[in-house]
Each structure stands twice: as C-alpha cells, then as structure tokens.
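We just call them A, B, C and D in the order they show up, numbering each chain from 1.
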Amino acid sequence: MRFRQLAIDSPDNLLFGTAPRPLTTRRGMVIGGGTVYPEFNFTLPDIAIDEGSMPAVRRQYQQIIDDALRRAVELEPPGLVVEFEMLPPMTQQPRWGIEITAILAEALEQAHARHGLPSTLRITPNDTREFERPARMRHGPYWEGMRQAFDGAAAAGGELLSIESVGGKEIHDDALMAGDLPAAIFALCVLGTRDMRFLWSELADIAQARGVHCAGDTACGFGNTAMVLAEQKLVPRLFAAVIRAVTAVRSLVAHECGAVGPGKDCGYENPILKAITGMPMAGEGKTAACAHASPLGNIAAAMCDTWSNESVQNVKLLGGMAPTCYLEQLVYDCRLFNRAMDHGPSAATMLRNWLVESDSGLDPQAYILTPHSVVAVARAIVAAPDHYRAGVAAAATAIDLLREGHEAGCLRIHQRELPWLDRMQRSIEALPESESAFIEQMMGEVDTTRFNPAEYGL
Amino acid sequence: MRFRQLAIDSPDNLLFGTAPRPLTTRRGMVIGGGTVYPEFNFTLPDIAIDEGSMPAVRRQYQQIIDDALRRAVELEPPGLVVEFEMLPPMTQQPRWGIEITAILAEALEQAHARHGLPSTLRITPNDTREFERPARMRHGPYWEGMRQAFDGAAAAGGELLSIESVGGKEIHDDALMAGDLPAAIFALCVLGTRDMRFLWSELADIAQARGVHCAGDTACGFGNTAMVLAEQKLVPRLFAAVIRAVTAVRSLVAHECGAVGPGKDCGYENPILKAITGMPMAGEGKTAACAHASPLGNIAAAMCDTWSNESVQNVKLLGGMAPTCYLEQLVYDCRLFNRAMDHGPSAATMLRNWLVESDSGLDPQAYILTPHSVVAVARAIVAAPDHYRAGVAAAATAIDLLREGHEAGCLRIHQRELPWLDRMQRSIEALPESESAFIEQMMGEVDTTRFNPAEYGL
Amino acid sequence: MSTLENLGQAIEQGDRNEAERLTQEAIDAGVGPQEILDALVAAMDEVGRRFQANEVFVPEMLIASRAMKQCMARLEPLLVEKGIRPAFTAVIGTVEGDLHDIGKNLVAMMWRGANFNVVDLGTNVAADKFVAAAREHGARVVGLSALLTTTMPAMKRTVEALKADGAIDARVVIGGAPVTEAFARDIGADGFAPDAASAVQLVRGLVEAA
Amino acid sequence: MSTLENLGQAIEQGDRNEAERLTQEAIDAGVGPQEILDALVAAMDEVGRRFQANEVFVPEMLIASRAMKQCMARLEPLLVEKGIRPAFTAVIGTVEGDLHDIGKNLVAMMWRGANFNVVDLGTNVAADKFVAAAREHGARVVGLSALLTTTMPAMKRTVEALKADGAIDARVVIGGAPVTEAFARDIGADGFAPDAASAVQLVRGLVEAA
C-alpha cells in the first residue's frame, strides 16, 4: 500500500475540476487545475475490422474526428480530451491501432495549429489476454500485441495511457452471477491487484521511454458489469454498490505504480481514487447514456475532472453524426460546471451538492459515491495493511454506510434487496485475517480451472 | 394585441419550472408549478409511411414508447410530457396519426395505472397546407386533414395541442436567404400573425369541444431555420438573433387565441412569450443535439418548464434505443433543475444564471435570450399598437441590445458580421408607420406569385 | 403436499440437498422418471417466470439450477434406462472475436432448466466450430451471442455457414445487446430473443413449429 | 485592370448595375461572348470558393448570382448567335413527400453560377416527373434533394426510375442532411455532395468523366 493517507480528507474538498495534484499536458491543459474538460469518445458502427475493411475503418475515424473537431472549434471548449479506445483487432494487429492513433493525433495537431484548440489524446489499447483461456497474463502473443500497441501509439501521438484491464475477471464474472462477495474480493484484491502491479509497471516503463503519462485504469469489467447487471435487475443494487467500493482497491494499483491521472472515464470508483491520490479523474454519467444506462447520471459529475460520453457509434442522427452530437452535449455540460467554478468554490460546491443529491437517495450505487461515503471508503482503504484487507475494509465500510443511509432515511433500498445487507456482512465477517489464509481458502472454492495461479504470481 | 403588459416584468422572476399561470393536466402534473418535466420526443428511422408499411410503423411507435416508459418507471421523473410530432403522411391520412396517438395514449395510461407515472401527451399534427403552392390556408383537403388529425388525436388521448405552423414561410424563406429584415417582418408579423389567428381560433374550438388544451406553436420554420442557417455559416448570427426576437410576435398569437402553454419545445422565442403571458413553456437545448446543433445549449434551459430532446430516430445505440437514451438524459437534466429548486428560488436563480452566462457572451442568438434581453423585447412587443409595429419594435430592441452588449464587452460578435447591425437598423428605420402602408410597400417587393393574399385575409 | 410438489418447492428455493432427497423419495415411491422430470422443469419454469418478473435475482436462479442439476444426476440413469432423452440438443456460443459471455451463460442456464441438452462452445467461436458441433450433436437449435457491433458480421457469417450445410437441420437463434429483431431477419436467422427468459419461449416455439 | 477583370470584381461584389455596364463595355469592345462568359463563371467560382471558406454569407452570394443573371441577359443573344450553349442541362428537385427546398435552392444557384442550364422542378416531385423532365430536357445530370428520413425511400424509387429509363443518360446526384455517401451508393446514385459548393465540383467531375 503506497498511499497511507488521504490527499483529500474532507468531503468538502472533493469537487469537480479541482485536484491537489493536477496534470499538465503538452498543449498546456491543466487537468484538475480548475476546469472540467470534455472527454470525447466514439466507436465504429457495424463494420468488421480486417485487412479488407481497414481503408473504410480509417475513413470512419478520419470522418469522426474531422466532423467533431469542426464543431469543437465552433464551441470553443477550454480544451478537449479525446479518447481512442481501440477495438480488439486493433490491439491484436497493433499497426492498425497505431495507424488510427496517428490519424487522430494529426487531426488534433491541425486543430491546435490552425484554431488554437488545446487537446490531448488518451489511447486505450485492449486487454486481449483473455482471448486465451486460461489466459497467459505476462507473455505470449496477446501480451506482446498489447505492449506494441501501447508503445507504438505513444510514439504516434497518444499522450495519456489507459487500459481497461481484466486480470481477475475470469473469477469475478462467476462471483457476480453467484452474488459471492468473498470470491469477488479474491478476484479484485488478490488476483486483480497482482495483475495490475505487473501491467502498470510495464506501462510505466513505456510511458517513461516515450515521454508520455500513465493515466489510469478502470474496474469496468468488474464494477460496471455489476452495475449493468443490477440495472437489468439481474443482481441486487446493494451488491453492485459494495462491489464498486471494493474495485477502488484494484484500480488504485495503477497509481501506486506511477499513473498520474486522469483515471479512466468509466471508473465510477474514481472519486475514491481522487480522495486517496489527489490526482484528477475522468467521469461519465447522463451524457454517456448512449453507451449505458446508469443510476449515476448526475452524481458521476460531482467530482470529475474530465467529463466523457464513454462511447457512441458513428451513426447519423438528425442533428448530425452521433459522436459530434455527443461532443456538443459534453461541451455544454462542462460550460455549466466551469461557469459555477468561475463564481468561486462555494458556488461550485453548491452545484456539486445538487448533482450529488439528485441521485444519492435513489440507488445504493449512487449513495456510495456521495463525498461523505467516498471519503469514508477511501479512509478505510489507506488504513488497511494490504490489498486484501483493504478490499474487506472497503466492503465493510460500504455495507455500514448503506445501512446507516437507509436507517437515516437518506437512501431508499428495495424491500427485496434488504436481506443482502446482512448476507454480505456475514460473508465477510467469516473471512480470515491473513491474505495467505484467505488465498488458501478461496483456492478451494473458486473454479481454479479458469486461471493459472502462476500468471498472477501466486 | 391582447397582452398589454408583462406577466413577468422583472428578469429576476424569469425562472425554469416556474410560471405565474401554471397548467394542470389530467393526471395532476402542474406545468410551471415548481417542477421542470422532461418532454420526450422521438421519430421513425428510415422507413416509408404508406398503407403497406403501417404495421411496421405502428410496431415502431409501440416499441419506442414501451421501451422508454420501462426506463422512465425506473428513473421516476415527477411526470413526463410525451410529444407525438406526426410525420406529414400521418396528417394527410389522419387515421394513421390518430391510430398512433391511441397507441401512445394507451401506453401512458398503463404506465400511470400500473406504476403511478404521471404523464401527458402533446400531439403535433403537421402543417401540410404548403403541399399545395400557392397554398390554400383555410380550406381544401390539406386543411381538412389537419382539422381531422387534431380532432381525432384529441379524442384519442392527446391532451396538449400544438403545431409548427408555417403561414408566411413562403415569403420568409427568401427573406432569410437574402438577409432581408423588412421582408421577414412582413412574413412573420403580417402574413404569419394573420394565419395564426385563423388557425389557433380553429384549434381553440376543437380543444373546447374535446376538453383538451391548446398548448402553443413555434416559429420553428422561421427562427430555427435562421438558426440552422447561421450555424452552417450561411447567414449572419446577428441576423438570426434579430429574426428570433421578431418571431415572438407571431408565436404569441396562439396565446392571444387561447393557448395556455406549454409553448412548443423548439420555440426558442418561448421565454419572451413566458414573460408576456406568464404561461409555462417548453425548451430544448444541449440534450436536443441529436436533432440539431445550437448556440443555445444551456441558456435554453434557464427559463423552460418542460425540457425536450426535440426529436431522435429510433435507432440502436450501444446503451439501447436512442429515444430511451435521450429520455434518460432529459430525466437527469431535470433532476438537477428540480434539485436546485428544492433549495429555494435564490438557489435556482443561481443555477439559472450559470446556464445563462454559459452561452450568452458567445453568440448573439444566446444574448437575445438572457433574462434581461427577454424582458426588454417582451416589453417592446406589448407596448406596440399592432403586430406589425410589434415586429419592428422587437427587431429594433434586439439590435439595440446586441449593440449595447457588444459595446459593453458582454457579447462577442464576429468582425465579418458587425456591419449587419447598421445594415439591419437602416432597413427598419426606413419603414412606414402604418401597417397598411407597409403592406402596400412590401407587396411591391416580395415575390407575390408565392402566396395568395386572400388566404391571409389580405 | 405431494412429494413432487415438495420437490418443486425445494427447487424453487434452491435447497439442493432437500431437492435431491425428495427426488430419491419420489424414485423410491415408484414415481415415473418422466413425471419427476416434468416436475423439475415446471419448477424451473416457475423460477424463470419469477426471474422475468424481477422477483428473483440471478444468484437465486443459479442455486435453483444447481439444485436441479443435482437432482438430474440422480434421475439420469433412470431416464436412460427408459430411453427418455432431452427433447433436443442446443448448441450455443459467442461468435468469433467476441469474449462477452455473461448473457450467453444465462441463456444456456435457462435452456438447461428447460431440459434442453445444451452444448456450450464458450466464447470467440469460429463459424466452422459451430458447424462442426451442430453436425456432431445433431443440434436442433444453435444459439449465437454477440455483444460487439464489430462482431455482428461474424454472426452473419456463422448463420450463413450453418444454413449452407445440408447436414444441419437446426433453427438458428441470436441475441446480445446490439442485436435486433430486424438484424436477425436481415442475416437470415430464425429467431431473436432480447433476454434469457424469452430465449426459452422462443426456442420452444420454433422447435414445436418445426 | 482590364474590363473583364473589373467585370469579375463587380460580380464578386454583387454590384449588378456596374457588372451589367461592364458586360456591355466588353461586348462593345469586341470581346468574344465565350470569353466574357468565362470571366463571369470564374468570378462565380471565386464567390463559391469564398462561400465555402465561410468568407461570405448566402445573401452576398445571392446578389452576386443576381448580378451574373443580369449580365447573362445581355450576353444571351450573342451566345445564341454563336451557337454557344450551356455545357449541359441539370434537372433538380426535392423528392416526393418532401417540402424542404432551401438546400436544393442553394445547389441550383451554385449550378447556375457554374453555367449549367438548371431546370428546377421545385419540391414534392414524384419520380415520374423527374423522368419526364430528364427526357424532355435531355438532362446530363439529375439532382435529388431529401431532408426527411421518411422521404429517402422516395429518393431510391426516383433513382431506380431514372436508371430504368433507357432514353435517359444522366448522372444522378443526391444530397440533403440525412443523406450519406453510403446511402448514395446503396441506392445506385452516381454521386453525393454534402453542400452546395461541393455539388458543383461533384457534377463537373462526373460529367467530365462521362
């Protein structure tokens, strides 16, 4: 545990656009330095990605970025973060991902040179290691492709390195379906953290060699999967809320290994990381409805430093191509945040509070993201001796917060879900003190054919 | 001129969610009574509308409304306005429009009965009279179809009657392309107002007979056409801003004839109507980017009572069908407005101010919608003796406001546009005092083959 | 309450030991294996109904289906003996290039609950693997899952390959978040279901119609 | 500056009386009508370029094109005399069910500025009217505009009708906000342009290639 105390230890100081350790980009944007920037995301419409279709794929990305930048120049955001989230074939054939990175980087360069639009490019290769099962996490062609994609894309103009890594997910998926909190903690805080340490140390080397920044990871495959499942009423919202708190332990490891933010958009655990590290974080909420429904539409904005639409296909809407429509929405959202900030921190805090109150009483997942909850979970994490116990502490704190919130009448919990509070609590109270005992126990319970312990340094 | 004084005469009192003359709907929503409601809009994807495709068309609307209401029930807005904006064949074959109205009304009824979701249905048949050129405005099969569509849809469950009427547009289109302000005033305030008086008197009769409400019109075909053209850099923004002020005179006539609000979403002149009439108004801005870009993304929310996405095709995005995605965004936007209102009028006014300041300095069209400008234009309109002079007064006031705003450094105007301030001012200073002299003059200038004066009662 | 009624309830509650005990009790009492099987399937249908009505979560459904599995282990020898076999075999998998499997796994679980013989090929399954499995198992149904717009074309290729193979007489059904009814029609699939519960009804309908 | 240079400038500035005077001056000075016409078209091209570069608005372009029209009235008899005719005829209109015409009008204006003979059929034009007009005028180009997704199928029908008629040898180009390059390909149109200025280049390219 590298972080032993909170960078932001009062809920009052958790605020959008403001981070104690802001990040300055090449073109002078200061993320977390008093401004919320739009973070623009997009993806391909229905189209296969192969040698034959690559010319069409390139045209798509060129068209997306040209159209969006034309509008961005008109709307004049204070700066623009563009995320290029690759699609798996682009990481497996890294030259494709690198080529498209170059297209985007060149367009951003032009928009800066001609129109003075500041921008930075986040590149997010895929975690393709799971294409093999059980996966080889630390060598083999998939891992090699990932390395090359990062290295090449960093050389081609990507300035912020991110990934949605999936180490531990092979166990976590089952844990979610079974509503099994100890197995989830094992997946996140034993397997996940070990893989993160490996992965982000490698990325730190690449970033250093290329003079770019490690930005951060996300527990998307864990926390957002749980959220989507809860949204579809497949698992209880309470369970998803506790999982969210636990995911922070895993995502934090990127920053333990040198990532400086902004943590990736879909990491709804980001406010917890922000409290711990003081680094700027991305967020996404209502304006990412194009990518997924959520109970976090407004609250996700309360503490973000960049504001993203997560992903939208390049299809035509009446107002224009969907990515450009969403860019416009992001820019206006950010204008509002920044306007409030122009009126000083107390005005901004009022807006933050409305964003929080908007959602926090209606859903346990939102309740876990109130500034008060965030700081409580963050504090539990930094006080723990190791990642395993940090995970248990995060879960226990989350359960307490939810129970208190419910009892105080601040949080509505569906009748059908209430028994899960006790059920989850019992399941973690029974856990052993030491990580090694926990590992031993879990290796007897989870489906060990799904992963290779050596690949996790176990 | 029925309205001789302002219902809201101080900019301070112009606020979202709050109208001096709120409207109570059948299911108990009070529009303008302290709550901003989402107003949900949608349309068909690429699909022809004819006898053969009607089963598919019906399925589309059924699917749109079922999917959206499922999500609405989860998100629990305080109430929902649903607008069914017909497509022209549905007004020409009114039974199609009526059938779909019934499908939507039934779905809303179910959602209310089963889940307690309050809602109301706005129906917006098309102004199809222009399918004949020169148009017959007051009789003939097109007008008959419109009458039947309104009457039948009101009987089938439509509670709020609206239309985007186009009387005068045949002259206004040319006026826009030529940048001709007097011709635009002729189109809006001589032809347009006369047609509005005929049309909305008829609608008032239908509304009374069916026990529903006339909600309002929009100068969409005028002001929004100008805005889209300005956005495409085809006409100056200054010109579009002045046109917007003038359009209020025309849209107001609906309320002179008994419409009680909420005026239609795309009428960006609505704040002016709200100041004059005290009735609730719809608005649309950033969350209507699916339908069109605008320089009014946030400011359009500052004074709205329902908040709309204007129109989005029923296509699939990653997060679900596009209409449902947009519904989610609207609900979160409204949660924020309503949250601020929960903290009292001064909190809400702070949020309003940030929404205003967000856009007002960047574009003349936004500047015309600041509460200060709105009240000034509204005051000029009610002080005028007739619609013609109200139009000239609105234009003159707008020009003054823009000039002052620019000089005070509150409004940025592109160098290339600046000469248009003088150009527009000169063009209206030269106009005669009396309407009859104006009509005589304009009949010598505009293309009179395009319309039949008798159809406008001239 | 009869033993079979109790058995049904034990399944619904996911009480696998009790369910197993009751299965044995029914066998011992001479109840026919088909009758016991019907009771199990009916109970799982009820679980599916509750699931579709949002009355239970997946974890509950999972333990019900595990309970059923445990009972089936007892029942299997008797079914084999009487020559009673699952109504038919369904092959399922996520198409090539796509690793999403949560949705597919749910569908497979529900199909098993309905007593289809389910062969799960996993994720990232190439078209020729689907073809080979459908032939090998004489599948009456093939289910394809895709969650990425970029793997939807692989779905199309797979449907074409299955339809082109004269030795295969299977209904091809598809699903996954980006998939629509219209897309299913376009690529020549026989059916589409938006969720796991309706995937059961869909397949029952198609197979009965065949 | 020569008379033709001055004429070009007058057009660019939309000074129609000066332009007309200079046209007459050039005629009187014995400058060939083709040469004068070329100067007018070059000036309008320059206006189009400025328009595309957002240096001028439509109202300015409109007065330039009116100035050109006034000059053409003077020039026409001489062109007829010399047998000089517009390069070709283009028929344009908004398809059936659709009343949007601002975009179409702009395209027509730009095409006229490029000295195509433009036959504007207006709005809500049925397929058979396009066919009849294309035949009657021996059109080399037919332009279809649609702004509604619900009238895009009418566009398809019109393209098919035009292509099916053996007596018509015209390139069909389409445009309007909901139309895309891909849609143009899908329905068998020969070209698509996103705006009026590129519509000129598009048609020049297509006709030269033919």
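Here is the rule we go by: contacts are C-beta pairs under 8 Å (C-beta built on N, C-alpha and C of every residue); 3 or more make two chains touch, one makes a residue touch a chain.
Quick caveat, the model's predicted, so the values are computed rather than measured.
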{"item": "Length of the shortest touching-chain route, chain C through to chain D", "value": "2"}
{"item": "Mutual neighbours - chains that touch chain A and chain C alike", "value": "B"}
{"item": "Of all other chains, the one whose Cα centre sits farthest from chain B", "value": "C"}
{"item": "Whole-Å gap separating chain B and chain D, where each centre is the average of the chain's CA atoms", "value": "34"}
{"item": "Between chain C and chain B, distance of the C-alpha-averaged centres to the nearest whole Å", "value": "52"}
{"item": "Cα-centroid distance, chain A relative to chain B, in whole angstrom", "value": "40"}
{"item": "Chain A residues counted as touching two or more neighbouring chains", "value": "43, 313, 318"}
{"item": "Residues of chain C whose C-beta touches two or more other chains", "value": "149, 178"}
{"item": "Chain contact graph, described as a line, ring, star, complete graph or other shape", "value": "other"}
{"item": "All chain pairs that touch each other", "value": "A-B, A-C, A-D, B-C, B-D"}
{"item": "Chain A-touching residues of chain C, taken from the complex the two chains share", "value": "54-55, 57-59, 62, 97, 99, 101-102, 105-106, 122-124, 148-150, 152-154, 178"}
{"item": "Contact footprint of chain B on chain C as seen in their complex", "value": "149, 177-178, 180"}
{"item": "Residues of chain B that touch chain A when the two form their complex", "value": "43, 71, 76, 285-293, 297-298, 311-313, 315, 317-320, 322, 324-326, 328-329, 331-333, 335-336, 339-340, 342-343, 347, 350-351, 354-355, 357-359, 362"}
{"item": "Residues on chain A engaged by chain D in the complex (per definition of touch)", "value": "316, 318"}
{"item": "Complex interface listing, chain A residues touching chain C", "value": "43-49, 87-89, 130-131, 133, 173, 176-180, 225, 229, 233-236, 313, 416"}
